[in-house]
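Two complexes, one shared chain (chain A), two partners (chain B, chain C).
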Partner chain A sequence: MKITLEALNKHFGKVKAVDDLDLVVENGELVALLGPSGCGKTTTLLMIAGIYKPSSGRIRFDEQVVNRLLPKERNIGMVFQSYALYPHMSTFDNITYPLKLKKVRRGEMKERAQKAADMMGIGELLDRKPAQLSGGQQQRVALARALVKEPAILLFDEPLSNLDAKLRLRMRGEIKRLQEDLGVTAVYVTHDQVEAMTMASRIAVMNYGVLQTYGAPNQLYDHPDTLFVAGFIGAPPMNFLETRFEERDNGFYLRSQALEIRIPDERGVLAKQNDAPQQVIMGIRPEDITIVAEPEGDFRAEVYLIEPLGREDLVTFRFGDEEIRALAPAPFGGRIGERMFLKLAKEKLHLFNPETEVSSFKER
Partner chain B sequence: MRGQLAPYVFLSPTLVLVTLFFFIPLIMVFILSFTSLDMTNFGILEWWRPVNWNLDNYVKIFTNRFFSRILGNTIMYVALTLALFNVGMALVIALITTHIKRRTGFAFRVLWFLPRITPVVVYTMMWRALAGPAPMGVLNKYFLGPLGIGGGEYLLNTHPWVFIFLVNGFIGASFGMILFSSAIEAIPKDYTTASKVDGATTWQTIRYVELPMIKWPLLFVTTYQTLSLLTSFEQIMLLTDGGPGLYQTEVWALTAYHRALTSYFGNTQWGYGAAWSVVLVIIGIVMAVIYLRVFKFGELVEEPKIDQL
Partner chain C sequence: MLRSKLKPTLAYLVLIVPSTLIILGFLWLLITSFSTRIEGLRSLGWTLHNWRFLWESPFGPQYPSIWLVTLNTLVMSLIMTLIVVVVSSLTGYALSRMKFPGRKGFLSLTLILHAFPSVTLLIPIYFVLLWIAKIPLIGRDVPLLGGFGYNTLGGVALVMVAFQLPFGIWIMKGFFDNISWDMERSALIDGASRFKVWWQIIMPNIKPGIAALSIFSFLTAWNAYLIPLTFTAGRAGKSAVLSLYLQNFISESVMTEWNAVAAVGLFQLVPVVLFFLFTQEALLNIYGGGKKGGV
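The block that comes next holds the complex of A and B.
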């Protein structure tokens, strides 16, 4: 089922929880709603589910406008961060609750519950109460309950946030696999950008109720449209430096007290077309900085902090008043206080207008 | 030493009060119930000596001509007040006021709760005034008269039980209402959201999710109100004093009071009245145990079965 949100708004008193949201989720797609806490992700989800009535705007399932449909008329399965398993019901009763409400025959109910439970690997736990299950098991029961009525849409509200890191990784894979196998349309809310990157075919980044950008994970990572997206997606996060944008000698330069970089001409032209101001914010991801021998280096900096990450070391450098972080293959040879030459991958630079916070490299 | 003493120093005022005004009277009532102490032999009968103890009072109770009427009245009074008002209406009000706008619901509950701060005598007297005969009584004059219902008689004489239920119920319901509504509001939103997404109507969500989750407040209010209704008699005393017909609205607690503390038959029979109270206490304990069984208290303390992550 295709979901279309058109100019969707939800206000709670003065708070604009969701502000003029336009979003299309194609049939069978898993879209992640990504953003910091309080940015309106849950509110959006609850409007799709029919729990909240939009203040204005439209929600369509395929072509049908569903604004007025009750939750029970929407055929949606939902999974919560808190699992929301009814504590007084056994696993079986929890899973069959949606079927009981649909007045499904007892025999068919049993069959479908068993099938959903087996699919989630909890077939042996059907007689237990939620309090007798571990967090991971509870999440599986919650998934089985969402799947048992064969919903047209699956909604996830930070379903893995309460699990430990290892289990989270495993469930992440299982959910993605399940969603692909069933071909069900899914909206997956998370504040964890790694989860969004790995699971979703497209990511909608929200902040203060406003949609910041919407696109494929690689698109958002490689070509972030806004300063917020650039800083929010990617771990360790992108470095930002204030620089001047200059055109001279038929070339384009970024300059600050400590460095001067010539950027590729076609990028410079693009920035100029985008009316890049004199003062711009340059962005560079830690993996796009390399430590080199003197002749190729762009500038010199002093090693300030070394944080081993296993496969790589995250090294913080200082130059002038600025700080920049780079990923170096482990083991990193340098010592703290040592001065080294850094080279930036010019084609991987990002440029943002500090006023509008929009990328100056945005294609039009 | 000092550290060990301190708690008892702090507890002592309460301990003294509870001992003086609860435990000692309790034991005395129990002992008195086996004696024939009354106004006429006070100071003569050595009630504390076991030779003067016997079961005569209890035999008298169970062979009393009006025993079955008093028992019947008590059961009807407790069961109907409880079912219709103290639990029933309390639950309905709590459910309604928690499923509408928060502020409106809260304001309504405050209003409903207000009569509780009226002294019970004043409150009951106001009801008597409401029930008064035609020219004075508000109900007769402004409602029943214009509608042509009844002949303007004193309503407490024609429908004493209706008023006993209303007087107790309207105040009684506010206790359960407060407990139930706070319990309902404490249910995490995710449960009701999940239930609706699972396809439930509001009523089904209440029936299958919310009510089971407020089982313990329900048990508590039912038990507590059963016991307090069993032992309450002041409203009935002020309204009808057991009348208007012979023992027509006399309940157990009122009988105990009448026997022990009023000279209905020329003397106040402390021993006999005490025996009525003791039986009432036993009935109360039995009821409480039955409730715990019915609500399956054991389920609350089931063994956990968590074995793996």
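The block that comes next holds the complex of A and C.
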């Protein structure tokens, strides 16, 4: 089922939790709503679920406007961060509760519950109470309960946040696989950008109730539209430096006290077309910086901190008053205090207008 | 090593001394009720004479029998418990879950009422009950309860409900607050109506709270003295309860028969003790803040 949000607003008193949101989730797609806590992503999800009524705007499932439909009339399944299992019911009763309310025959109910439970690998736990299950098992019960009524839409509200790291990784894969196998439309709320990147076909980044950007994970990673998105997506985060944007000698340059970089001409032209101001914020991801021998380096910097990450080492350099972080293949040979040359991948640079925070490389 | 042993020993010591005193009191009560006379804890002759109130009225036929009085007490306590639990759980749910104007004011008002000394209200309430007694149908002559006006079991129960409600509402609100919103939302999405959510999902999860509040209210009503004394026409009337009945034995004109007082006191106490033995775990919940570990 296709979900369309049109000019959706939600106010709580004076607070605008969701501000003029337009979003389309195509049939069978998994879309992640990504943003820091309090950005309006859960509010959006609860409006899709029918728990909150929108202050204004429209929600459509396929072509039908569902604003006035009750949650139970929307044919959705939802998984909560707290699992929201009913503690006084057994696993079986938890999973069959939606079917019981639909007055499904007892025999069919048993069959469907067993099928959903087997799919989630909890077939043997049906007579246990939630308190007797581990966190991971509770999560599976919650998933089985959401799936058993064969919903047209699945909603996830940070479902993996309460699991330990290893289990989270595993459930991440399982949920994605399940969603693809069933071909069900899904909206997945998370504040974890890795989760969003790995699971979603498209990511909607939100901040202060406003949709920042909406696109495929790679698109967001390689060509962030705004400063917020650039900083929020990617770990370790992108480096930002304040520089001057200059055009001279038929070339485009970024200059600060400690460095001067010539950027590719077509990018410079694009930035110029976008009215890039004199003062811009330059962004570069840590993996786009390499440590090189003197002749090809862009500038010199002093090793300040080395953080081994296993496959790579995250190295913080200082130059002038600035700091920049780079990923170096482990083991990193340098010592703290050593001065080294850094080279930036010019085609991977980003420029942002410090006023509007919009990318100067944004295609129009 | 010594320190770690000293602490529990001290705690036991502190507990044993007052407990012994209380147990001695109960022991005295038990021995007295079966004795003609006693000297300290030593009986000077065993008898069942003190318990004759169970099969005859010791003050003459115009006084109600102990069994009617017991029934009265039971009816009054159950009525009060029922109303307190129903009203508190509905009010507590609303206060915990809904936003409405005056919610904060209402909450602080209940807290103030809870702390209000009830004695100061006795006289105004007397007039209120007199007024209720004039209302047809519910005022008087209702079977079993007598009605909700002055000098009826229902009236006494009503007053006690009023004094118990602030406490009950706060307790129930606390239990509802402990239930996650997600559970309710999940049930709504699963297809339940608002009422079904309340009845099938919320209420089963606050059972400990309901149990605790019921027991607490029942015990309060069972042991109440001041309010029944004030709002019934005396200890000999149709609507006498156990605590008042006991007073018949302590009068100014005749010498008080302390052995009989002990027997009646024990009679009133037995249900409470039995009740407490079986329910103390649920009762502790009221101060423990509800459920632990999921269920």
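Following the convention adopted for this analysis, the second predicted complex is superposed on the first by the 364 of 364 C-alpha atoms of A that agree within 3 Å, B and C clash if a C-alpha of one lies under 4 Å from a C-alpha of the other, contacts with A are read in each partner's own complex, and residues count from 1 in each chain.
By definition in this document, a residue touches a chain if its C-beta (ideal position, glycine included) is under 8 Å from a C-beta of that chain, and two chains touch if they have at least 3 such contacts.
Since this is a predicted model, take the numbers as computed values, not measurements.
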| task | Could you check whether chain B and chain C clash or fit when both are placed on chain A? | result | clash
| message | On the A-aligned overlay, A:F332 touches which partner chain: chain B = first, chain C = second, or both, or neither? | response | neither
| Counting only touches as set out at the top, which of chain B and chain C does A:F245 meet: first, second, both, neither? | neither
| query | Taking the superposition as given, does A:P130 touch the first partner, chain B, the second, chain C, both, or neither? | reply | second
| said: If we overlay the two complexes on their shared chain A, which of chain B and chain C does A:Y221 touch? Say first, second, both or neither. | reply: neither
| query | After lining up the shared chain so the two structures overlap, which partner does A:L167 touch, if you call chain B first and chain C second: first, second, both or neither? | reply | first
| task | Could you say whether A:F92 touches chain B, chain C, both of them, or neither, answering first, second, both or neither? | result | neither
| remark: After superposition on chain A, the chain A residues reached by both chain B and chain C are 46, 49-51, 70-72, 76-78, 80, 82, 84, 86-88, 97-98, 101-102, 129, 131, 145, 149
| List of chain C residues in touch with chain A within their complex | 180, 182-183, 185-193, 196, 201, 204-205, 207, 291, 293-295
| In the complex with chain A, residue positions of chain B that touch it | 188, 190-191, 193-201, 204, 208-209, 212-213, 215, 302, 304-306, 308-309
| message | Considering only the defined contacts, which chain A positions touch chain C in the complex? | response | 46, 49-51, 70-72, 74, 76-78, 80-82, 84-88, 97-98, 101-102, 129-131, 145, 149, 157
| message | Can you tell me which positions in chain A touch chain B when the two form their complex? | response | 46, 49-51, 70-72, 76-78, 80, 82, 84, 86-88, 97-98, 101-102, 128-129, 131-136, 145, 149, 155, 164, 167
